[in-house]
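Here come two complexes built around chain A, the first alongside chain B, the second alongside chain C.
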Partner chain A sequence: MFEAIAFYLFAVLTIVMFTITVMTQQALYAITAMAAGMIFISAFFFILGADFLGAIQIIVYTGAVMALYAFGMMFFDTTRNVVEKRTNTQIVFVLGVLAAVMVVAIFVAPIASNNIEALYPVDAAIGNTQAIGIVLFTKYLVPFELAAVMLLVAMIGGIVLAGKKMDKSLTLMAEEDIGSMDDSLESKAGGH
Partner chain B sequence: MEITLTHYLVLSSVLFAIGLIGVMRRKNLLMLFFATEILLNATNIAFAAISHYIGDLSGQMFAFFIIAIAASEVAIGLGLLIVWYKRTGKIDLDQMNSMRG
Partner chain C sequence: MDVAFIIETIAKIVVILLIFSALAGLGTYFERKVLAFMQRRLGPMHVGPFGLLQVAADGIKLFTKEDIIPQNVVKPIFKIAPVITAATAFMAAAAIPFWPQFTVMGYTVHPIVADINVGILYVLGVMAIGLYGPLLGGMASANKWSLISAARSAAVFISYEVITGLALLAPLMMVGSLSLVDINNYQVGGIGNWIVWSQPVAFILFWIAAFAETGRTPFHLVANDHEIIDGFGTEYSGMRWGLFFIGEYANMFFISFVIAIVFLGGFGDGTIAGAIQLILKVAFFFFFFLWTRAAWPDVRPDQLMWLCWKVLMPIAVLNVVVTGIVMMF
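And now, the complex of A and B:
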């Protein structure tokens, strides 16, 4: 009973928040509504017994990703309305619903054919976090390490892209100056 | 009133449709990134729900890797976006035609 109440409450809240994110003209409304929606999504993970995933959802999405977006929005003018050219809304809605139905079919197909069995069954004796640790560091060790390398590459890429030449405004410079700046930087670094 | 797997999959598809509508109607690149985050979260819900109802931890594992990919996508994408904004002063998708595509 309580599970049903929680599910419907958070489902309505999440859908409303994400609809605001998609439909609003204000960038600040969009980012705030999305942060709220991310926290509401973590509630589903707690209902489903995936405690660790719920905690990670809050830490990574509302902690790291949202902070990164807020940091990025300092560079953009967020106070004015976002003016966008309207596309054909009917095509957009039809395609969106069609693609969503396709996703459901992809998820339901193995269940409908009863062709699925648990590879790593949940052990009731140990907690969710411990079980995830056991599976993650045995069966999924290689993907885990690859994800770590990928995050390192992304971090270095982000630093290089956003942090380089922060004292200069590339917007106010002419195209030739930017090219010559790159050349002088290269000659300084590589000596060619 | 039992909450079944179908409930979660319907919710997931509704959120996915919202995200997809956002991807298709947004022209501002920052707003487009928001919509892609919604897409990734919708699939995460489906993964966690199936993981719970099948009794298998693999679904949660895939959700973790999706979160990791989302985090690195934001770092790289936002870096590129900042560089583009510094150079042109705009982040409008329709005006990115320097390659004459």
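And now, the complex of A and C:
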């Protein structure tokens, strides 16, 4: 009974949070609601007994991904509303409904055809965390390593793109040096 | 899931909340006394014996002060941000075993709210969410100091979470479990079995990162008084500001518990002596937080990032690799 109560509670909370994320015009509401939604999703992992995935969901999505979004939000005034430019509401509506129907169909199809079976059922003798390790390093080793390589590529790309002036520290430079260095940048940015 | 279990859990939650809220208040008193001692002052001394009731006086002041919501802030976010800090600090306590289990009138009590088998991950994850308090508070405040503080807190938290995770990885590889109770039991058998002897590097790294995660001097740049006033707390008044404070001090206590349990043997074999030892270890780490505040200057944000990415992270990765090699052969 408690599982059912918890499931419906967190289902409602998750949907409400992500609805706020999509519907609101205030960027801060959106990011707060999205972070909360990510935490509520972890509740489903805990209900299903997947403790490790639940904790990872909190750390990765709420702790890291959302914090990076928040970092990006530093660049505009978050206390003002964001006015979106909607040219054609009908197209937005139709595409939105289509996408929702497709997602529901994808998830309902295997349930409806009774075609779900656990290829790697949880072994009660070993813990939840160990089970994930075993599956990751046997059955899913290649995707796992591929993901690692992709992340490495993304990291190197990020460093190359951002690291052009990393050997200079603005804090340690003299005032006039900073001025001469920024001249070229400011003319492009327009300054405000 | 029987009724007794629910009642027991609720009772434990209430007890932990009460004890650590009170300790957070007392923590401010200890901090002022310790700082005063180190700076040749007297500290609080007029209210009650040895100034002990100063905590109550401060509490009354905070509770009764007007709750000011400035004009241009984003109201709901501004109001909820301090609650996030305090709530996440206490949520992290759910997976910490504060004491060994003991028996009262034939009923065995486990002083841990939820003994989940990913305890340490849960504690770190929830502490990471604590970042949203300063972050949202700062961004909703419509104040430049607060915004700078929010940016700093995001940068510091993201960077030092990497250090915490990597530093803990090496001891966890040795223990082979994520449960804090298992980590504690791994070190049963006296001072020679403590993980700190086999993982001194991880211990130092985690300790340094703990300062960044709790935002204490020398990594206090999130709310550095002399450059950005009170940072994210600048626009807050009364109990909302107090909640930030309670969260910070509760976090200091909980991270002290985590350090003591993971690296210094925790409560040992579970006897009374072990429990008292755990309290002493926690008290030492809490004292160390205050000591550094009196003794060390703050570092600059760029120095903090330099320290994190160019010094601590390579050391942490090397530590994990060396631990792996040693364990393999």
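Assume the second predicted complex is superposed on the first by the 135 of 192 C-alpha atoms of A that agree within 3 Å, B and C clash if a C-alpha of one lies under 4 Å from a C-alpha of the other, contacts with A are read in each partner's own complex, and residues count from 1 in each chain.
Convention: a contact is a pair of C-beta atoms (placed from the backbone, for glycine too) under 8 Å apart; a residue touches a chain by one contact, two chains touch by 3 or more.
Keep in mind that what you see is a predicted model, and the values were worked out from it rather than measured.
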Touching partner for A:30 - first (chain B), second (chain C), both, neither: first
Chain B versus chain C as contact partner of A:133, first or second or both or neither: neither
Which partner reaches more residues of chain A (counting touched residues only), chain B or chain C: B
Touched partner set for A:2, first chain B, second chain C, both or neither: second
Touched partner set for A:51, first chain B, second chain C, both or neither: second
Contacts of A:104 with chain B and chain C, given as first, second, both or neither: first
Touched partner set for A:64, first chain B, second chain C, both or neither: both
Touching partner for A:39 - first (chain B), second (chain C), both, neither: second
Chain A positions touched by chain B in one structure and by chain C in the second: 31, 52, 56, 64, 68, 71, 73, 169, 171
Chain C-facing residues of chain A, complex: 2, 26, 28-29, 31-32, 35, 39, 51-52, 54-56, 58-59, 62-64, 67-68, 70-71, 73-74, 78-79, 127-129, 169, 171
Residue ranges of chain A in contact with chain B within the complex: 1, 3-4, 7, 11, 14-15, 18-19, 21-22, 27, 30-31, 34, 37-38, 41, 44-45, 48-50, 52-53, 56-57, 60-61, 64-65, 68-69, 71-73, 75-76, 82, 84-87, 89, 92-93, 95-97, 99-101, 103-104, 107-108, 111, 116, 118-122, 131-132, 135-136, 140, 143, 147, 150-151, 153-155, 157-162, 169-171, 178
Contact footprint of chain A on chain C as seen in their complex: 1, 72-74, 76-77, 80, 116-118, 121-122, 124-126, 128-129, 131-132, 135-136, 139-140, 142, 147, 150-151, 154-155, 157-158, 161, 177-178, 300, 302
Residue numbers on chain B that touch chain A, as the complex places them: 1-3, 5, 7-22, 24-28, 30-31, 33-35, 37-38, 41-46, 48-52, 54-58, 60-61, 63-65, 67-76, 78-83, 85-89, 91-92, 94
